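Next, two complexes with chain A in common: one pairs it with chain B, the other with chain C.
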Partner chain A sequence: MVKADKQLDAKGLACPMPIVKTKKTINELEEGQVLEVQATDKGSKADLAAWAGTVGHQYIGTVEEDDVLYHYIRKCSDDTIEEKTYEKTVSHDDLEERDGLVLDVREEAEFAFGHMEGAKSIPMGELESRMDELDKNQEIFVICRTGKRSDMAAQLLAKNGFTKVYNVLPGMTEWNGNLTKNVNGGM
Partner chain B sequence: MTVNKWTAAQVARKVIENKELFILDVRNKNDFDDWKIEGHQFEYLNIPYFELLDGVEEILPKLPTDKEVLVVCAKEGSSVMVAEMLSDAGLDAAYLEGGMKSWSMYLEPIKVADLADGGELYQFVRLGKGCLSYMVISENEAAIIDAVRFTDVFINFAKEKGVEIKHVFDTHLHADHISGGRHIAAETGATYYLPPKDAGEVVYEYTALTDGLTVQIGSAKIEVNALYSPGHTIGSTSFVIDNKFLLTGDILFIDSIGRPDLAGLADDWVGDLRETLYTRYRKLAEDLIVLPAHFMIIDELNEDGTVAKPLGDLLKENHGLNIEDEQEFRSTVTDNLPPQPNAHVQIRQVNMGKITPNNDEQTEMEIGPNRCAVR
Partner chain C sequence: MSNKVAIIAANGGMFDAYKVFNIATAAAASDKEVAIFFTFEGLNLIHKQGMHALEMPAGKEHFAEGFKKAQVPSIPELVEMATELGVKFIACQMTMDVMGLTKEDFVDNIEVGGAVTFLDFAKDASPTLTF
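Now for the complex of A and B:
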């Protein structure tokens, strides 16, 4: 199962109800949290993806199991682009020539729908408590969707004594290489 | 104000009678761009329903206040919601019952001509999908050609006319829509014909439809003559009816020609297509009225809603019949083809009898335009 912060049961509901309910439910989430929408209306996939696009939420993907569609949406606010402040960065091209650990700090659901092969998943919100899983002597390349969360993660790691940390820019949205998936289905 | 419910039949009358209609289509932009209700004098606004959840105020300036607005969605639910919102805002609003799903399924029977000795020829126009089926009636008998899957429509029509369905033909193994042919035959005891060259993989019994086959409808002399005309498929067969009408199947349309690629054999079949269009059809009388199995665009409809034109006119006007250079013809019909019809691989399997999806699944497969042609 893909991890989500909240589930919405919209099974058996016909259009427009899955979207109407999603819109209402997502208001109850914090920014960055993931909502799982369970629906049986086949049209809900295209509509949810398009709706998320128009209102600025991130449509992560859909898996189908036993005729139920599980849609994953990450709540985003009106993205005011925050300045990226962590200085050590690498591009995707540079990354391919380096050894070290790729640390993916997106939510587990985002990771499940596609990540770089060999990347380690620690969502941004869990990084502080799971830092002991990381090796200070290893080079760590932090990546997220657009470079924003990875910037914060890199700063957090640096503050805690990690010196070989790099923020990977621009992030998974622009990654054209192979993707590894933990789910059947996808975007 | 109250919200009115329109049926697909009412919308069809607007199309056929060239009336004006304002349609607010609340489906996704992609779905709208791909396929919508076409009318000569229709106006459109496409705003997805999920952009209207907070209200319709923003789009009110774009909507007419002096005429009814028909709200259309995929199945119905969203259009009811939006029509009610518009009505609350003081507009005259209606929704399409069953949405695009019912539009895709609606058939309008239109008489093409009276035949000799009281016979009649009907064209069943499936406006939402661009499919055309035919019924030839003479005395107390009928023949059906290229029936779509709504078998009741044909069977009930024959009952109303007091005729018995004796022969059911498919000009070829269809890839864009599910045939009702063999089911009508099974239900009525009629003979079902299919070209054997298209039937290599079919898993049911059929009678071979071969070049030169002639059947007589009623005791009056209305003949249906088969003419082998490959190219869209290797078995594609045309019919000459009553020496006046040429049913071309998916080989020749009013404003386009058949595509040879839907069974994955474009390169093999392009030569056959060329020969049919540039040799076989040119031996026929130019005053034959061409009746195709599809139309692609609304401009192909005549003023009475039928899709029909003399062969002589098409030989002059149809681009696909006027490509002198064989190499250019080959590249026209094999390169840069439009996207293939929705679910064409599965639809062919249904028509071979290999899979039997339920009604909803069949509807889903047939959603969207037919795309059997190249221009």
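Now for the complex of A and C:
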């Protein structure tokens, strides 16, 4: 199962109820958290993706299981353009020539719907408590969706004595290489 | 990009009601500012008694079962939801005068206005829809 912070049961409901309920429920989430919407309305897949695009949330993807659609949406606030402050960065091209660990700090649900082969998943919110899973002697390439969370993660790692840390810019949104998935479903 | 959706409801059947309120609630749930101008038979859709007894088009009554099976919400439920989501209802004063109706005949929180009230809202709305 894909990990989510909250589940919304909209099974059996017809349009526009899945959207209306999603709108209400997402208000209860913190920014960056993932909502799972369970629906049987076949139109909900296209509708939720369009809705997320309109209101500025991130539509991660949908999995279908036993005639139920499981949609994953990550709550975003208005994307303020923040200065990337961590200095050491690498591009996607550089990355292919380097050895080391690709650390993906997006939410588990985002990771499940597509990541670089061999990447390790530690969501940004868990990084501080799971830092002992990382090796300080290894080069670490931190990636997220757009480069914002990975910038914060790289700074956090540097502050904790990791010296071989690089932020991968841009993030997964512009990654053209192969994607590995942990779910049977599409974006 | 315009953040307003303007809707004219000019017909009073059950199918008309679904077209109006489905688009209105979906738009409101997408953070749009929505206003519906109810005119002529359209006033039926927010009439306290009328909205509970909206008719299907002649010969289409057999769809009642389909509505039930698809678990489509009732019109009064959709009206309540639309209000909750902040959809603005404007009832046409002229039609009310012609039909001898007052504000009390309608659901709460409606605004009564003329064509210009609606036009003022709709002048920078996109899309404007008529049902």
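We adopt the following convention: the second predicted complex is superposed on the first by the 187 of 187 C-alpha atoms of A that agree within 3 Å, B and C clash if a C-alpha of one lies under 4 Å from a C-alpha of the other, contacts with A are read in each partner's own complex, and residues count from 1 in each chain.
To be clear about the criterion, a residue touches a chain if its C-beta (ideal position, glycine included) is under 8 Å from a C-beta of that chain, and two chains touch if they have at least 3 such contacts.
In this text the structure is predicted, and so the values were computed from the model without any measurement.
Asker: After lining both complexes up on chain A, report clash or fit for chain B versus chain C.
Answerer: They clash: once the shared chain is superposed, the two partners overlap in space.
Asker: Taking the superposition on A as described, I'd like to know which of chain B and chain C A:K23 touches: first, second, both or neither.
Answerer: both
Asker: I'd like to know which partner A:R98 touches here: chain B for first, chain C for second, both or neither.
Answerer: neither
Asker: Examine A:C15 and indicate which partner it touches, taking first as chain B and second as chain C; both and neither are also allowed.
Answerer: Both partners.
Asker: Looking at A:W51, would you say it contacts chain B, chain C, both, or neither? Reply first, second, both or neither.
Answerer: Both partners, chain B and chain C.
Asker: Quick check for you: in the superposed arrangement, does A:R130 touch first (chain B), second (chain C), both or neither?
Answerer: In the superposition, A:R130 touches no partner, neither chain B nor chain C.
Asker: Quick one: is A:K42 in contact with chain B, with chain C, with both, or with neither? Answer first, second, both or neither.
Answerer: first
Asker: Which holds for A:K88: it touches chain B only (first), chain C only (second), both, or neither?
Answerer: Neither chain B nor chain C is touched by A:K88.
Asker: Given 78-86, 114-122 or 366-374, which part of chain B has C-alpha atoms clashing with chain C after the fit on chain A?
Answerer: 78-86
Asker: Indicate the residue numbers of chain A shared between its chain B interface and its chain C interface, in ascending order.
Answerer: Common to the two interfaces on chain A: residues 14-17, 19-20, 23, 47, 51, 54.
Asker: Please name which positions on chain B make contact with chain A in the complex.
Answerer: 28-31, 48-51, 53, 73-75, 77-78, 81, 364
Asker: Under the touch definition given earlier, write down the residues of chain C that touch chain A in their complex.
Answerer: Touch list, chain C to chain A: 22, 25-26, 29-31, 70-73, 81, 85.
Asker: Using the touch definition from the top, list the residues of chain A that touch chain C in their complex.
Answerer: Going through chain A, the ones touching chain C are 12-17, 19-20, 22-23, 47, 51, 54-55.
Asker: Spell out the residues on chain A that touch chain B in their complex, using ranges where they run on.
Answerer: Residue list for chain A touching chain B: 14-17, 19-20, 23, 42-43, 46-47, 50-51, 54.
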